[in-house]
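Note that chain A is present in both complexes that follow, paired respectively with chain B and with chain C.
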Partner chain A sequence: MFSYPLVNVLGACLIITSMMVVLARTGRAAAFLYSFQSLMLVGVLASLGFVTGSTELFTWSATAFVTKVVLVPAILLFTLKKIGKDAQADLPPKLNPMKSVALVAVEVFVCFVAVSSIDLPTALEVKPTLAVSLAHFFIGLTCIVIQRSIFRQIFGYCLMENGSHVTLALLAPQAPELVEIGVATDAIFAVVILAVLVWRMAHYAHTLDADDLCELKG
Partner chain B sequence: MTIIVAILQAVLLVTLAPLFSGITRKIRAKMHSRKGTSIMQDYYDLAKLWRRCEVKEGGSGIISRLTPPIFLGSFILVAAGLPLVMQACPVPFLGDIITVLYLMALPRFMFALGSIDSAGSYTAIGGVRELLVGVLVEPSLILVLFVAAIAAGSTNLGIMANAVGTLQAYPFVAIVVAGVACAMACYIEMGKLPFDLAEAEQEIQEGPLAAYSGPSLAMIKLGVSVKQLVVASLFVAIFLPFGAATTAAPLDLLVGLVSFLFKLLIVMLIASVIENSVMRARYKYLGRYTWFVVGIASLSLVFLVIGI
Partner chain C sequence: MDYSTILLILLGCPVLAALLIAVLPSKSTPRAAYEAIHVIALIAVAVAGLTLSVSAFMGNDIFAVGEWFHLDGLSALFLCLIAVIAPCTGIYSLPYVAHDVADGKLGPSQVKQYYAFFSLFVFSMILAVTSNNIIMMWVSVEATTLSTVFLVGVYRTKLALEAAWKYVIVCTAGVAFGLFGTLLIYANAADIMADPHQAVFWTAILPNAPFMDHSLTMIAFVFAAIGFGTKAGLFPMHTWLPDAHSEAPSPVSALLSGVLLKCAILIVLRFFILAAANVGDSFPQTVMMILGVLSVCYAAFEVYKQNDLKRKLAYSSCENIGLIAVCFGIGGPLGIIAGLVHCVAHGLTKALMFCLSGNVMMKYHTRDLSKISGLISVAPVTGVLFAAGCLALAGFPPFAMFVSEMFMILAGVAAQVWWAVVLVLIALVVVIMALVRMITGSALGRAPEDVKRGDVPVLALIPEVVLLVLVLVLGVALPGPLAGSIENATAIVLSYEDENLANDSLFEDALAALAVVEVPEGVFE
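After this line comes the complex of A and B, so read on.
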């Protein structure tokens, strides 16, 4: 049951869930979907652990569960609650979200073309997932570019971060725990800092619209 | 033997079409807190129309007269070729996706021609809307069927159904995503809200129908109901072939028939519930919704290419 096709199917689920995070209408829904996406990430890490027989990956998946499935969404939901009615958190995105699905498809394809020339022994069987993890960087970038709400732009960063986590697990399954701790704590602290920034901005400017906030400079 | 199955399933779909249409009308009435008409109302309407004499518009030509039989006939032909009760096409040459797509495009073409053949000015606007829906949704449907064909290794609907039914269609996720996109595309093709309202013949939307009367109108009305069933069956046949007969043994066929009717009823129920919980979109905004279908369809193509 635990084999490379399972890893690839979970990788496809990562793309679908991250698309749902980008498409979600409310910040609250996006936070829950992000939690679900991280659960898929935990699944990828755990199944990779079974396939490669690397015990490090199990500890990775456990820490990823705590930090990404529980902590990060909790911090984001807490921020949303703190902002409350102070600023409108659910701004419509700049690009029609329906079109962003086609954009994601193009990004995944481009990434697949990019990784198809990589000839690493660890990446032979999981090339589709490697493409998916690389594509997450671009999906995160898409999220940051098309969302007007600075709260929703945090999700773009989180998606990029999830992508780098999968890439690391695919290419270096035997990497020591220290590296993983770096990745996980990185995400937590960055999200905390971003959340505090968003909360302060909402408190000060009463808006989360990135276009409006541009006028604050100087 | 399989020819008989083909004829029987075409007859079955044609006789059931008004019933399903009546059921969806009843659901709409219930959701609007109305009592609604009987679920047999469509049969009464058709019988009444069939007895009426036909009135033709002055200035309309042969196209207007040919449109109703071609409209109904093409959908009956498609219905005969689909792998509905078996996981194989009863008539193989009718079960090719290219044939099916063209047979579904022909009625739309005739409908549009019929709308400009009429002397009325509103009918042409209705025809434009019909063509617009076609232009927006058909590329996605073609793309999805292409993905399914590559995954199954054949453009024959029966082989595709068999490959999906036995879970041998290779990139698994691509097929699932293609199934989702196909469901959406088929929903739009069925002419339901927010895209269209198949019963709205008095309005601009189904404008070309305003020019018809008597048996011609009956044929087109029946054709519209058959179209809804055929499009829903196309989705069921390719992406939900579970339960369909793998052999031509009578018992298997019976089980296949029962499971097909059950699946079709579920699909139609879901479609009518969705239809009644949304509002009608202006035709200018149709593109916004169809972009989503295009996106999902292209995502399934990408999954097919990268092999997951």
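After this line comes the complex of A and C, so read on.
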């Protein structure tokens, strides 16, 4: 049941779910979809653990479940509740959905081309997932750039971080657990700090619109 | 007490201070309590940091917690910078924060937040320069962002929060590229090393670097240069820098510009060494040269254009980081020496200038240069320091940046990269014009009637005098131990070239190389 094709199928699911996070209409929906996409990530880590026999990956999948499936969405939903309905957390993105999908498709294609030249024994069987993880990283970056709501930009960072996490698992399944804990803890701190800053922005500046935050130009 | 223990004490003191300040109740704790903890921690950082640096300068390789932390000649140079600038800006913070409290800009909770995050910031920078674990290096660079974001936004105004948001989002996204580069290096090394667990340690990867996959190493270096270059403020990833530096309290701007940017440069250098050992030095040098020249040329004109004192200084930081990248792009012993000396010289000079911008704001309550004039008659000591600081930043002799910039030009001439030398010289002339205009417009001129005469508190002036003396001393002559340490650090950067390790004096070799360079006829005609 657990084989490299399964890892690659789950990798493809990561791209679809991350697209759903980017295109979600509300911040609340994006938080739930992010939780779902993190569940896919947990699946990738666990199936990789079975395939490679790396016990570290099972620990990683457990910590990813706690931090990404539960904690991060909970922090973001709590922030949404704190800032209330008046803040513009659900502003539509700068790019319409069709253009966003086209942009992501180009990114995925470029990442597949870039990964095809990599000649690393550990990556031979999982090249499609490696390309997906790299694309995931750029989808996160796209999310930051195209979102008008700074609350929704947090999801961009989370997607970038998920991409790095998958790459770490694919290329370095034997990495010490402390390394993974360091990366995961850092991500949690980053999300907490971004959430606090969003709350402060809503509280003191009364806006979450990135277009309003352009006074410091030049 | 052995050096490993001192290294752990060095790491422990600021984090302990931050925790202690964090647990104290903000409403009932007097400001003096925070200040006492803050000063004690900084004294410990200065003593332990300088002790360890001197030991590393004498050739000791210090490890702690197995191989997780490592201090060699290269990192010791940057630790030395932290051990000098952090206490100076920390002491300067005392009168600065007191002034902001008196002005009603900071409340009790913000004061507590300021001192707690200041200590955490110092800790994260020490972690960045002493980490031997490459993943921990990334974590520490990310930690510097997370620990400073509330310092940048401490005033809680819309502009401060806007700067903090741009800072955190650009740097976390940028540094994520650094993580990708780090992971590629790790995976590459783990594939060829007998014990994959050793592939996280920089000192273990270096001897194996020549055997890693070339294309993967090149991709990893580009990712690292973009990622950590974002944190260093290299063009075009510099967008956070002018906003964060201008909106942060002045002592924080001083620490950001004087030390943090250099810590990021150190991490880039670590990847530069690995890439040079793997694919030769021309590829990483080209990347650094392109980023450096673009940064210098873009930022020089921005320095001239700006009318906001702190934004002008911020763009000057971007320009000087570009100069450091150009030095590493030129390469060779003289280029590397020039880059390292410029790290030290610019770190001290810019810390001085940002502290002085704090004095100016305390007196004039504005950063608008069109409203700042007659500083020498309003606050004589500040005025003289300000004029001297501007000259130092412009690279005039006898200040330290003159030495490093001269080294850079000589290195460029020796390497015959004429196009880069010409572009950098044009940019430097523009910067000199901007800074001389600042002296004539702000330090000299007629003082406005509504500005109260008299200097800032002595406690604010002492760190500035110390910084100016250091800038002056380094400009007159590099003290023996520091020159030795720069040679030592240069040898580490050039460790991929075996023949350099055997040399006794890289300074002499570098200058000898310059002497034998044949300048093509007609170049100066």
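Here is the rule we go by: the second predicted complex is superposed on the first by the 214 of 218 C-alpha atoms of A that agree within 3 Å, B and C clash if a C-alpha of one lies under 4 Å from a C-alpha of the other, contacts with A are read in each partner's own complex, and residues count from 1 in each chain.
FYI, contacts are C-beta pairs under 8 Å (C-beta built on N, C-alpha and C of every residue); 3 or more make two chains touch, one makes a residue touch a chain.
Keep in mind that what you see is a predicted model, and the values were worked out from it rather than measured.
Engineer: Have a look at chain B and chain C on chain A after the superposition and call it: clash or fit.
Structural biologist: fit
Engineer: For the overlaid structures, how many degrees, to the nearest 10, lie between chain B and chain C at the C-alpha centre of chain A?
Structural biologist: 140
Engineer: Taking the superposition as given, does A:194 touch the first partner, chain B, the second, chain C, both, or neither?
Structural biologist: second
Engineer: After lining up the shared chain so the two structures overlap, which partner does A:168 touch, if you call chain B first and chain C second: first, second, both or neither?
Structural biologist: Once the two structures are laid over each other on A, A:168 reaches chain C alone.
Engineer: May I ask you to decide whether A:46 touches chain B, chain C, both, or neither, giving the answer as first, second, both or neither?
Structural biologist: A:46 sits against neither chain B nor chain C.
Engineer: Name the contact category of A:141: first (chain B only), second (chain C only), both, or neither.
Structural biologist: It touches chain C, and chain B stays clear.
Engineer: Name the chain, either chain B or chain C, that contacts more residues of chain A.
Structural biologist: C
Engineer: Quick one: classify A:99 as touching chain B (first), chain C (second), both or neither.
Structural biologist: The first partner, chain B, only.
Engineer: After superposing the two complexes, find the smallest distance in angstrom between C-alpha atoms of chain B and C-alpha atoms of chain C.
Structural biologist: 20
Engineer: Across the two complexes, what residues of chain A are contacted by chain B and by chain C?
Structural biologist: none
Engineer: Using the touch rule from the top, collect the residues of chain A that touch chain C in their complex.
Structural biologist: The touching residues are 114, 117-123, 134, 137, 140-141, 144, 150, 153, 156-157, 160-161, 164, 167-168, 171-172, 174-176, 179, 182-183, 186, 189-190, 193-194, 197, 200-201, 204-205, 213, 215-216, 218.
Engineer: Considering the complex alone, what residue numbers of chain B touch chain A?
Structural biologist: Going through chain B, the ones touching chain A are 172-173, 177, 288-289, 291-292, 294-296, 298-299, 301-303, 305-308.
Engineer: Where on chain C does chain A make contact in their complex?
Structural biologist: 133, 135-136, 139, 142-143, 146, 149-150, 153, 156-159, 161-166, 168-169, 172-173, 176, 179-180, 183-184, 186-188, 190-191, 196-197, 199-200, 213, 215-216, 219, 242-243, 246-247, 305-306, 311
Engineer: Using the touch rule from the top, collect the residues of chain A that touch chain B in their complex.
Structural biologist: 5, 8-9, 11-13, 15-16, 19, 96, 98-106, 108-109, 112, 127-129, 131-132
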